[in-house]
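One structure coming up, written as structure tokens, with questions to follow.
Naming follows writing order (A, B, C and D), and every chain is counted from residue 1.
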Amino acid sequence: MTKGRLEAFSDGVIAIIITIMVLEFKVPRGAEIASLRPLIPVLLAYILSFVFVGIYWNNHHHLLQAARTINGRILWANSHLLLWLSLVPFVTSWLGQNLFAPWPVALYGIVLLLSGVAYYVLAQTLVVHHGKDSALAVALGRDVKGKTSVALYTLAVPLAFVDARISCLIYVGVTLMWLIPDSRIEETLQK
Amino acid sequence: MTKGRLEAFSDGVIAIIITIMVLEFKVPRGAEIASLRPLIPVLLAYILSFVFVGIYWNNHHHLLQAARTINGRILWANSHLLLWLSLVPFVTSWLGQNLFAPWPVALYGIVLLLSGVAYYVLAQTLVVHHGKDSALAVALGRDVKGKTSVALYTLAVPLAFVDARISCLIYVGVTLMWLIPDSRIEETLQK
Amino acid sequence: MTKGRLEAFSDGVIAIIITIMVLEFKVPRGAEIASLRPLIPVLLAYILSFVFVGIYWNNHHHLLQAARTINGRILWANSHLLLWLSLVPFVTSWLGQNLFAPWPVALYGIVLLLSGVAYYVLAQTLVVHHGKDSALAVALGRDVKGKTSVALYTLAVPLAFVDARISCLIYVGVTLMWLIPDSRIEETLQK
Amino acid sequence: MTKGRLEAFSDGVIAIIITIMVLEFKVPRGAEIASLRPLIPVLLAYILSFVFVGIYWNNHHHLLQAARTINGRILWANSHLLLWLSLVPFVTSWLGQNLFAPWPVALYGIVLLLSGVAYYVLAQTLVVHHGKDSALAVALGRDVKGKTSVALYTLAVPLAFVDARISCLIYVGVTLMWLIPDSRIEETLQK
């Protein structure tokens, strides 16, 4: 089974997820700059989620590039990842309207966490299909970044009930960790 | 006529169908966990429909993979399938807001049923175009799963007026039946 | 310049146009079948527009299949077509909420008419680029169907102020004219 | 790393951006032509933004066509451009509802300006990756049009507080400048 349509379908779903979040920017009644003030936390949550989903697309791109073929199990592991990512617009809106409130911050973290777990499952399903010594398995390596992200999200969720700002800092931190170009992985993949 | 754009267009439409359903998750006013409680049935209906549409994408992927060329008739059989699938977000919302109410449950089943029929028509149109002895016809076989699904949906619709929970159980059951990997079909297709 | 991305972008825009129309199906408050009654004209308008946009995708598919290369002028002729098609969801909603009211029926016809004109311009731009004796020009022929559609829409718009039902009949009639498979064109294209 | 999925993902996001803007056309209650009057500025803002986003897709298409391979840095420069473009629907709505009001006009210009800057960064990142003497660098040349656009937007933003109509004229003017076919660039690219 070729991977072309899996990539195309995932691109479509991720493109829509990243774009419909902007529908949450309710246009204010007034024409004054002050009428935009309530949108600032919404914008911050939007940018965080945009970058978060962008990272997933990026990593998905790298992962599938290293894949040669796929099977039914991989199709479902991929759909499972898309299911969690599809909930990002909802938790982003709730977070944006209630910045630093414990439950919205915690739920946001739960969706990030489960997306991370789903990505890990997808990566492992691909490794099983391609073999432990495949280029894909070598390129993925021990996936330290992925595991660290999941660990940090697991920490951030309960911390939302202590101080939600710490959780938000962790979300931003994990995102920045991924933004820093990781040329080693890219080089391994390009071999 | 090549099948590339038919696949791309279907991927686009299905990706949007599966994603805009999430727009029905109206962000609650409150920041408490209790304010999410009315969303639980909406979430359940969403997950069911997400998996349902995901199955169609999966099967569509398999079906078209086995196809070599297409014609105008196939384009329309495909659009006919997309028309019914495009109504899934609407019936999902109505179901999610009225879980276990007879009419929403019945209408949900009708859309699932007509999607199943449309898929059957598309598959048969492809078989006619490729010939009875084509790889596509062999791979599709007698399509027991497809016919069973249609039969079960036909049963579930009137049952909604007896006990809507039975209908919902049938919907979940049919979905699970498709989720269990069916390696035989895949193997036949890969030959 | 290759035509791949023009096709992909058009597929994306048309897929979204055809799908977001379904967002106009506002989920009713009640769970009774009677609460769906106001949606019947909306559903009828939706199906008409779904088939209409589907025809455009179909024809666009055929047209571009016959094209070999494109240029900047063709890109803009294509965007011009997409602009008019993108207004279909709006006029469909207005029509669905005011079935047989003169202005909504007339405006619906105007958007259909201008889409038809834009398609004609796109086809001619492609013919100019490929040459009068190209396979594309031969396949397109005198485009009787396209010209007839534009003529009928031009007739239907003012008729909306006499009797809007006649205009609606014309819209349905033109759509049916396109649905009937036109095997000659397809055969010419496949050569 | 191949550029196929970068193009596909960008096509998806841009197709959605250009299409969801139409969701801002709130269907009026009445069926009279007068009930559409409040939509005229919304329509004007929509057409301007449709053409603006269309130009970006067009230029993106040309730019990536000249690119041979991409890297992680280019992926992020591309996402950065998509982030600003994704805010176009919001500022278009605000502008459409408050035509010629200073803040909406200025904010619209800021998003156009930052999109222009992001496009410049993407183009430069591609030039660095391909080398100063690459076909891409030669085709891009000194990018006079791009720099002029950014300069004019920088001028238009503060002018919104003097006379917002002047700013709007500048936005329309820059758009027209791009619409005029620039056959030289195309020819260089086609070599």
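List of remarks:
Basically, contacts are C-beta pairs under 8 Å (C-beta built on N, C-alpha and C of every residue); 3 or more make two chains touch, one makes a residue touch a chain.
These numbers were taken from a predicted model, which means no experiment stands behind them.
Taking the mean Cα position of each chain as its centre, A sits at the greatest distance from chain C. When chain B is laid over chain C using CA atoms, the rotation angle comes to 90 degrees (nearest 5). Chain centres here are Cα averages; for chain C and chain D they lie 26 Å apart. For this pair, chain A with chain C, the centres built from the Cα atoms lie 37 Å apart. Chain C has residues 8, 12, 15-16, 20, 23 in contact with two or more other chains.
Those residues of chain A lying in contact with chain D across their complex are 7-8, 11-12, 14-16, 18-20, 22-23, 25, 27-28, 31-33, 36, 47, 50-51, 54, 57-58, 61, 64-65, 179, 181-183, 186, 189-190. Per the touch definition, chain B reaches chain C in the complex via residues 1-2, 5-6, 8-9, 12-13, 15-17, 20, 23-24, 71-73, 75-76, 79, 82-83, 86-87, 89-90, 93-94, 97-98, 101-104, 107.
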